[in-house]
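As written, the chains take the letters A, B and C, and residue 1 is the first residue of each chain.
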Amino acid sequence: MKMPDENKLAKQKKRNQSIAFWIFRLLSYLIVAILFAILSFIVFKGIGVINWNFITQMPEEGMTKGGIFPAIVGTLCLVAGSMLFAFPVGVLAAIYMNEYVKDGIIKKIIKQMTNNLAGIPSIVFGLFGMSLFVNKLHFGDSILAGSLTLGLLALPVVIRTTEEALKAVDNTFRHASLGLGASKWQTTRSVVLPIAFPNIITGLILSIGRVSGETAPILFTVAAYFLPKLPTSIFDQAMALPYHLYVLSTSGTNIAESRPVAYGTALVLIIIVLIANLLANGLRKYFGKKVKMN
Amino acid sequence: MYKIESKNVDFFYGASQALKNINLAIKPNTVTALIGPSGCGKSTYLRLFNRMNDLIDNTKIGGQVLIDGDDIYAKGVNVDSLRKEVGMVFQKPNPFPKTIFENVAYGLRVNGITDKKFIEERVEETIKQVVLWDEVKDKLKKSAFELSGGQQQRLCIARALAIQPSIVLMDEPTSALDPISTSKVEELIYELKAKYTIVIVTHNMQQAGRVSDTTAFFYMGELVEYDNTKTIFTNPKVERTQNYITGRFG
Amino acid sequence: MKTFYKKFSEKFIEGLLMLSSTITTLTVVLIVVFLFKEGLGVFNKKPVEDGFVIALNKQNPVNKLTSAQLKNIFDQKITNWSEVGGKKDSIILFRMEDITNYYSEEQIGEKFERLPQCIGKVVDSLPNIIAFFSTKYLDKNFQGKQLDIDKISFKEFFGGKEWFPTAQPSAQLGVLPLILGTLWVSLGAILLALPLGLAAAVYMSEIADEKVRKVMKPLIELLAGIPSVVYGFFGLVIIVPLIQKVFDLPVGETGLAGSIVLGIMALPTIITISEDAMRNTPRAMKEASLALGASKWQTIYKVVVPYSISGITAGAILGIGRAIGETMAVLMVTGNAAVIPHTILEPVRTIPATIAAELGEASNGGLHYKALFALGCILFIITLIINLTVEYISNRKKYNNR
C-alpha cells in the first residue's frame, strides 16, 4: 500500500476546497444580485412616478393617469382590520399555549392545527373567505370580509412569533413572580408580557408587511377593480395596492399606458415591505433578541 | 528526546489570557493527565497540540509548541498532516451520521486513501484494537447511532486510531459514560500506551491516578505543578495542588 | 369577596385565552367543511348546465352520451351517430338560435310564444338531430327523447384531459392538465432553487464569516417579504420578454417563466430552513472531522450535509409546497393555457391560478363554482400531505439525535 504523498494531497485538498467555496460564494452572491435586480428595477422605474399627487389623488383616465390614493387607503384599512383581529387573538392564543396549557394531547392538536393553517395556500383562504364571510354570513364583498380572511392568514404568523418571544423569557422571572404570591395571569401580564413585548411587536410588524402584499385572499372577498371613491364603512368594497398592481399589469383597459402607474404601485408596495423589514430588524437589534419569521 | 514540548506558551482569547507561560515536556509512550478546576485552561492547552484552537476567531498564541522537535505553529506547517499525526477523542461520543464502518474509515478516506482492501483491513484491525470487534462485527453497515454511549466512545477512539497517529489527545473522554463503560475505556487507554503518546484531560482524580504516568495541575491558566502521578497524588510540592486533589476546592 | 373576584377573573381570562387558542383549529375545520362541501358537490352535478336540455329524435337508439362525446359532437369532431353507438347517419346539430333556419320570425311569434312547439316539430321531423335548448322552451307535449346525462364522475374529473368549465352545451372538467401544470412548474422551480438555495445555505452557515452572514440574513428575509404580485410583475416585464427573445417564441408566458419566478420565491424557505439545520450540527462533530485531517470542505460534504439532511429535505419539501400553492406570480407569467404541457416552453396553467382567474366569472353555487372549490380541495390535500411529511421528517430527526 502506497501512502498518498502528503504535500500533493494537501495541495489537492486545498484546491478542491477553494473551488467549492468559490462556487458557493458566487451562487450566494447571485441570489443577492437577483434581489437587487428586482429591487433596483422597481425603484428605478417607479421613482419617477411617485410624487405627492400620486399618493393622494384618485386614478384618472382608465387608471393610466392620476394617483393610487384609494388603493393605499384600502390596503391600510385591510391591514388595520386584519391586525385588529389577528393580533389580539394570536397573542392570547400564544399566551395560552406557552403559559397555561401543559404538554399533552390538547397542546399537540392546537400546535398541529396552527402549523396546518400556516401551510394552507393563500388562494384557499380566498375560497374560504368567500364562501364563509361573503356568502354564508352575507358580508358581501367588503372590507370586513377581506380583513377577516387576511386576519386568519396572518394568525399562525402572529402566534408563532409571539410564542417565540414568550419562550425567550427566562423562567426565573416567572418563578420570582409566582413566588411572591402573584397569580398566573398577574405574572403573565406584569412580568412576562413586558419582557416579551419588543419581540411580540417585531412579529406584529412582520405580519403587517406580509398582509399588505397578499393578493389571492382578497381577490374575491373585498378587492374592487376600480373605485373612484374611498370606503365609508366596513361593508364597502375597496381597492388594494397588490390587487391594483395585478389589474394594471394584466387586465387594465390599456396595459401599455398604465405601466408607469404599475411601476409606481409596485414601488409603494416594496417600500411598505422594506420599512416593515427595516423596522423589525432595527427593533431586533435594539432589543438584542431574535424573533424568527419562518 | 521528548514527544511534545511546550516552551513559554501564552494563549489569548481576544484580550483575556487563557494560558500563561506554560513549560512542559512529555515523553513518548506515556499517559499524561491534565487536571484542574473548570476554566483553568487545561482543555485549551490540550487543543493546542492539534491546532484545534485555530478554528476559534480572535485567538493568539505565543511561545512554541514542538512535536518531535518541530514547531507546529511555524509558517508553512500543513495543519491537515499535523492533525493526522495527532488524533483526538472528545468529551461526548460524537460519531458521524454514517455507518460504523464508515466512521472508522473516515480518516483514511479524507486523507486520500482509496484502496478498498487496505481500508477494510485497517478498519477491522482498529476496531479490534479498541476491543469492540465482537460487539459490532455483524452490524458494520448499521448506523453508528445505534450503539450504546460507551460503544460509541470506543468507536470514536478507533476512528482516531485508524489513521495511525503517534499522539492521542483525549478531552474528558469518559465524562458522559457510565461506570462500566468508563472502566473499559480506561483499560484501553492503559493498553494503548505501548504504541501512542496519550494526553488526557480529566475532572476525575481517581481516573488520573489510575491511568496516567505523569500529571500536570493547572490553575487559572498557569501550570502549578507537573510531576510523576504518584508524586503529585501522594506528595505534592505545592499546597494548592494538595488542596485540589483532596477535594478542598474544585 | 376579593379572593372570589380574583379567582373568577383568573378563570375568565383563562377561558378567553383558551378560546383564542382554539380559533386556528376551528378555522382549519371550517375550511375543510366549506371547501369539501362545495367541492364534493361537483360530483352531484351534471355537466350540462341546469335549465338546459339535450334532446334527440325519439327514433334515435342512442340513450346516453358522456360529456366528452357531447362536446365533440357540438365541436363537430364527431359527425356520425355510429361513432357514439347509433345508426350510421351524420349528426345534425341544433342550437336554439338555429331555429330561424327552420321557421320564420312570424311563425315563432313576436315574444317567442310559439318557439316550444317549433322546436318540438323540428326535433320530431329530423331523425338525426341533436338539440340543445333551454328548458324554458320545452313544449308540454314534447315528443323527442330527452337525453340522460351522467353526473360528473371521479374518473372524468381526475382523468379528463380537458378543462373547459364554460363549454356549451357540456362543461369539460378534466383537472389532469391543471395538476400536471402545477407539478411541472413546481418541479422546474425546485430544480432551479435547490442548488442555488443549498449553496447559499452552506455558504452562510459554514463558509462566510459572521460579518457577511449578518448582511445576507436580512437580505434573504427581505426576499421572503416581497409580495408575490411584485414577483409576478417583475416576471411579466423582465423574465417573460427575455424568454420570448432567447427561445424565439410566439409568447414568453411559459412554464419556464413560472418556474423561474417560483424558484426565486422558494429560495428563502429553502435557505432559511437548511441553514438552520446545518448550524445545528454539533460543533464537536465538525471538530472530530477536522481533527482527523479532513479539510473544511470535506467536513461540509461528508459530515455537515449528511447530518442535516433531514432539515435540508424539509426545506426542499416546504419550498415545493410554497411553489405549488403560489397563485399570483404564476397567474401573471405562465400564460394560463389549460392544456397538458409537453415542454417547459409552452403556456401552462396551475391549480391556484385557475381558481384565481375563474372564480370571479363562476356563478355562485353553479357547476363551475363547485368545480373550482374541488380544485381548492385538491390543493388543500396536497399542501396538507406536504406539511405532514415535513413534520414526520423533523420528528424522525429528533429521535435520531436523542
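Everything that follows uses one rule, which is that contacts are C-beta pairs under 8 Å (C-beta built on N, C-alpha and C of every residue); 3 or more make two chains touch, one makes a residue touch a chain.
No experiment lies behind these values; they were computed from the predicted model shown.
Every chain gets a centre from its CA atoms, and the centre nearest the mean of all protein CA atoms is that of A.
Two chain pairs, B-C and A-C, are compared here, and A-C has more C-beta pairs in contact (counted per touch definition above). The most distant chain from chain A, with centres taken as the mean of CA atoms, is B.
Rounded to whole angstrom units, the spacing between the C-alpha centres of chain A and chain B is 51. Chain B and chain C have Cα centroids separated by 59 Å. With centres defined as mean CA coordinates, chain C is found 23 Å away from chain A.
Residue positions of chain B touching 2 or more other chains, listed in rising order: 80-81, 111.
In chain A, the residues touching two or more other chains are 13. Residue positions of chain C with contacts to 2 or more other chains are 295, 298.
Residue ranges on chain B touching chain C, taken from their complex, read 50, 52, 55, 57, 80-81, 83-84, 86-88, 90-92, 94, 96-98, 106-107, 109-111, 145, 156, 159-160, 163.
Looking at the complex, you find that chain C touches chain B at residues 209-210, 282, 284-285, 287-295, 298, 302-303, 306-307, 309, 400, 402.
Considering their complex, residues 1, 3-4, 6-7, 9-10, 12-13 of chain A touch chain B. Of all the residues in chain A, the ones that touch chain C in their complex are 13-14, 16-17, 20-21, 23-25, 27-28, 30-32, 34-35, 38, 41-42, 88-90, 92-93, 95-97, 100-101, 109-110, 112-117, 119-128, 130-132, 135-136, 152, 155-156, 159, 183-185, 206, 209-210, 212-216, 219-220, 242-243, 245-246, 249-250, 259, 262, 266, 269-270, 273-274, 276-277, 281, 293-294. The touching residues of chain B, counted against chain A in their complex, run 78, 80-81, 111-113, 115, 118.
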